[in-house]
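Pasting in a structure now, in structure tokens, and then I'll have a few things to ask.
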Amino acid sequence: MVELDPILDVDLVGAGGVVVRAREFDSRILAVEPVMGDSALLTLSLPPGMAGSLRAGQFVDVLCRVEGSYDPLLRRPYSIFRADSRTETMQLLVRPYGRGSAWLASRPVDTILDVLGPLGNAFHIHPRSRNLLMVAGGVGAAPLVMLTDHALADGRNVTYLMGAADADALLPTSYLPSDVEYGVATDDGSKGHRGFVTDLVPEYLRWADQVFACGPEPMFRSLRSVSSAHRLGGKPRIQVSVERTMACGLGACLGCVVETKHGMQTSCVQGPIYDMDEVIW
Amino acid sequence: MVELDPILDVDLVGAGGVVVRAREFDSRILAVEPVMGDSALLTLSLPPGMAGSLRAGQFVDVLCRVEGSYDPLLRRPYSIFRADSRTETMQLLVRPYGRGSAWLASRPVDTILDVLGPLGNAFHIHPRSRNLLMVAGGVGAAPLVMLTDHALADGRNVTYLMGAADADALLPTSYLPSDVEYGVATDDGSKGHRGFVTDLVPEYLRWADQVFACGPEPMFRSLRSVSSAHRLGGKPRIQVSVERTMACGLGACLGCVVETKHGMQTSCVQGPIYDMDEVIW
Amino acid sequence: MAAPSLAVDLAPGNPRELVLANPVIAASGCFGYGLEYAGVMDVQRLGAFVSKGITPKPRSGNRMPRITETPAGMLNAIGLQNPGIRGFVKKYPKIWDAWKVPAIVNISAESVEDYAMMARILDELPGVAGIEVNISCPNIAAGGYCFGWDAAMSADVTRAVRAATTLPMMVKLSPGAVDVVSVALAVEDAGADAVSMINTLVGMAIDVRTRRPVLANATGGLSGPAVKPIALRMVYQVAAAVQIPVVGMGGIMGLDDALEFFFAGASAVQVGTAVFAQPGMLIRLIDDLGEWLSSQGVGSVQEIVGAALPAGLPSRRAATEADVEIDFAAAVAAG
Amino acid sequence: MAAPSLAVDLAPGNPRELVLANPVIAASGCFGYGLEYAGVMDVQRLGAFVSKGITPKPRSGNRMPRITETPAGMLNAIGLQNPGIRGFVKKYPKIWDAWKVPAIVNISAESVEDYAMMARILDELPGVAGIEVNISCPNIAAGGYCFGWDAAMSADVTRAVRAATTLPMMVKLSPGAVDVVSVALAVEDAGADAVSMINTLVGMAIDVRTRRPVLANATGGLSGPAVKPIALRMVYQVAAAVQIPVVGMGGIMGLDDALEFFFAGASAVQVGTAVFAQPGMLIRLIDDLGEWLSSQGVGSVQEIVGAALPAGLPSRRAATEADVEIDFAAAVAAG
């Protein structure tokens, strides 16, 4: 049996070194753009000062119900797609899937949402990494967009690979900075490579100093198998954003744990970003 | 113990002699007008042919939640405020009170509602009645508006008395036909008589051939006490619309019963309209 | 491919059998006597329906209010308002006799003898396809302790009804029992053709303004989606232990919920509270189930029954495997 | 008018007393060790908080998935992941010792001896204000039968803990007991300073795609608004029978729910699942309660406790009136 070491400090140190505490705050929907087929890109207001401290890989927990209804009961976690400290806003990419997301994706502009965040740890770019490979599956595109923004601002090179069911469900190029190399794969071959996004990964493994991935579990499985033969001494390192059902988002309920080589960890506080090789899959 | 006589036939005979069965149907919100302070007057589409057969006093049962949520669970009954067979529409007057009504009153135009109806019995105007007195408390105004429309169309005289907290919460005259005598009472005296609407009733009891009342229970209590001294041999007869929490609306659950001199009756099928003197209060 | 088979026999051990065209049944107390809903849906398409609970004598029921809404659920304390077995017999069975849909009569009583008395009256009555024995009633002889909480008392009722009628008999289990599996095994042993479960859980609501219970009866029975997880767990436990069919209910609002119950081991489902909210759902559920089976290439609904049970249904296991010990672990919360 | 008094002593019969500044407590398993929420709210303002359940040995908990949502509720099968009593003692009490808010330690075990062993360790530990004894655990000596289902077994645990510590002790009742009142009376008699109720009800969910239970553990504990009517009914029954304080919980989402529990006879409330959905609610509830009392002209929250009980609280009745017979009727569903 692995002994738990509950986290004592939920303080998060933002990019600028500022300490950002998770807060429960009211957020207004400022814009809703349809994107990637039936998904919605929501632009949300943030409390003053928060946008600049958000880090790529972090998420927020949104209450997806009207006042007076307790169903659905729990919040839903969404990765931060982009944050803008000038307008004090952030964006979330929401795919209507079940009860919570269908509600959220169809909210009209000006809806006030109850948001808890920022939550979780962040992707970590090593100071000496020059070339970064992003591997996105579906709405897993979200946190990798913010990571791409930050990496480019630091003068690094980014290749962004994305997979989706068909051309419609891909993130349009216009949502990515122009100096990114964008490679795509679709299940039906309607755009780019016909097959899995992970099929495209091996050819970049020599180039990349680090790999960052977000998508469904099967994508991670296939990422592990296609990359194993091409990685030497575990290089390049691969960071992944894992998805678990969450209740509290703050490390209190122990509902979202991930088994790692360092023991049971709460993916809402000690994750959702993990070194792929440290997770016991 | 009183023996129940469950209703065998839920068919309802509409005004024109047409048999109208209760149906579960989709209805679109065509218009929303703020009225009586914070209440909303909703105009809803009806299945072809239904509008003309609706009778004053009948109600519909509306599901007040979004798909994917089971809270609140049950439908909410609303009296028909008006029906228009030309436009195949009806109107409901909704006061935001608790969970269901607050949701319903704030729905935007074009929302599709799940409606069950028409339900219940109707006010009965005796063929020889010339002078009709309406006594409305708050949103109890609704079914009496439709009854007034029908009575005037038949060439009868109508006095419509209404009570509310203040002038704002009264039904504006513009919502009533111009040939109605309209008397009002407000708790704060901001318009009309300062006090209860039932204070106005005695002076009309000689004139009226029948009285029709809809409002909260305390209004009925006061109606009984103010009218008792002025009614001779139970004349004029008084019909009331009673309010009970309902589950099925169809006489199946026995949750909404009213004890009457004829036994336990389901207020959703055998009511909501009762002769005031037949109810065991 | 042929249309999937939806049929089910809820009394396979009984020569009088209870074959339903499909496994969707309207639950007791939520469907009146079948007639109330005849105007809004094609009642004849149902697998069956169960009448409001009938008692030895007429009952006017509890005082008002009798129902109130709770989060994703409702409380009811109707108090078994019904015309009594004799009033009932005069009126409904002859109407049902002309119907295609099987009508099942739900009986409630406060003594073993009264259950048997009602069963005898129903035994050969045309129009009555089966009996559902509601054992969530106080046993007057036991100081009001509920029959359904105790395996021996539940078995007594079952045996007495079995002796009084050869009609297909379903015993409706109470979720108040500390160990519902023992009760199920006891009623199976006493001659039940099937068990149905669950009846309502006892709950309460208080009116914050009056500071008094909302219901005139203070407490009431909780039903609806709120109770589904509890109902499903109990069906899963009981279906793993008994050989007779289990009829599952508690918060079923549509296809997905019904499938959960089938996977947990229910051979058929009953729908109660959902009918109030969406009467059209009952018929839609039958259609949706047929379509889902086709889409999955499943030939008969019975093939999916018990799919979630680790060892499958006892009735389909070899006899030697069937001796399952009661596993309390499944019923102990592990927070 | 002076601000209304929110204070309550949950161990009035114990010289070590357990006085809370207000009757709002964060529930076990939903508030970690108090530290997790320190960033999002002013934890020191709470009446108290209860730690995650601590066990004799460290536990890594159940496999994933451990939680799933249900209509207006959730199921959890965390499996008591915790560092064990020794790991716990090294870390948390010394932090809490510097805190203003009382910390209550929830203990879970599978034998009477283990409960006593943990209580002995906690007895004189600075930073620990009280113990909550979770009896919804399988008793290994009784083949896994849950302690909390049985009055005698519950009393055994209570007596053993009482002998091991003079700390204020709250025994947390299981809703799985067929007759929760007997259990409450038994633990009162065995020396509990208070009872808290209810723990989760055992439920289940099945994944329609995989046809398997959603939770790796198959079953889990149901909590949230869905269970509120059941919790409230049990508090109402128990508060009418025992003389010690009752701490109510189960689905409290805000002021109105908390008031229902006070009226039903709870001297204080715990809030679990709601904290996940709206952490800010806990502090809001304290403020709302104070404002509501002022608006009603009530001087102390304790004045409204038990307002819905027909005969009031036993502890406030004359001794002769206090012998109340167990009233099963309140717990039998009357459909």
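Order of writing sets the labels: A, B, C and D. Residues in every chain begin at 1.
Just so it is clear, contacts are C-beta pairs under 8 Å (C-beta built on N, C-alpha and C of every residue); 3 or more make two chains touch, one makes a residue touch a chain.
Nothing here was measured: the structure is a model prediction, and the numbers come from that model.
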item: Smallest count of steps, each to a touching chain, taking chain A to chain D; value: 1
item: Contacts common to chain B and chain D (chain labels); value: A, C
item: Per Cα centroids, the chain farthest from chain C; value: A
item: Centre-of-Cα separation between chain B and chain A, whole angstrom; value: 53
item: Length of the line joining the C-alpha centres of chain C and chain D, rounded to whole Å; value: 33
item: Chain A and chain C, separation of their C-alpha mean positions in angstrom; value: 46
item: Averaged-CA centre spacing for the pair chain C and chain B, given as whole angstrom; value: 37
item: Residues of chain B engaged with two or more neighbouring chains; value: 70-72
item: Of all residues in chain C, the ones touching two or more other chains; value: 29, 71-73, 76, 78, 224-225
item: Chain-level touch network, classified as line, ring, star, complete or other; value: complete
item: List of chain D residues in touch with chain C within their complex; value: 28-29, 53, 62, 70-73, 75-80, 134, 136-138, 143-146, 149, 174, 176-178, 199-206, 208, 211-213, 217-222, 224-230, 232-233, 236, 251, 256, 259-260, 263-264, 304, 307-308, 327-335
item: Residues of chain B touching chain D in the complex; value: 70-71
item: Chain A-facing residues of chain C, complex; value: 71-72, 225
item: Of all residues in chain B, those that touch chain C in their complex; value: 1-11, 21-24, 63, 70-75, 114, 116, 244-259, 263-264, 269
item: In the complex with chain A, residue positions of chain B that touch it; value: 65-72, 98-99, 102-103, 108
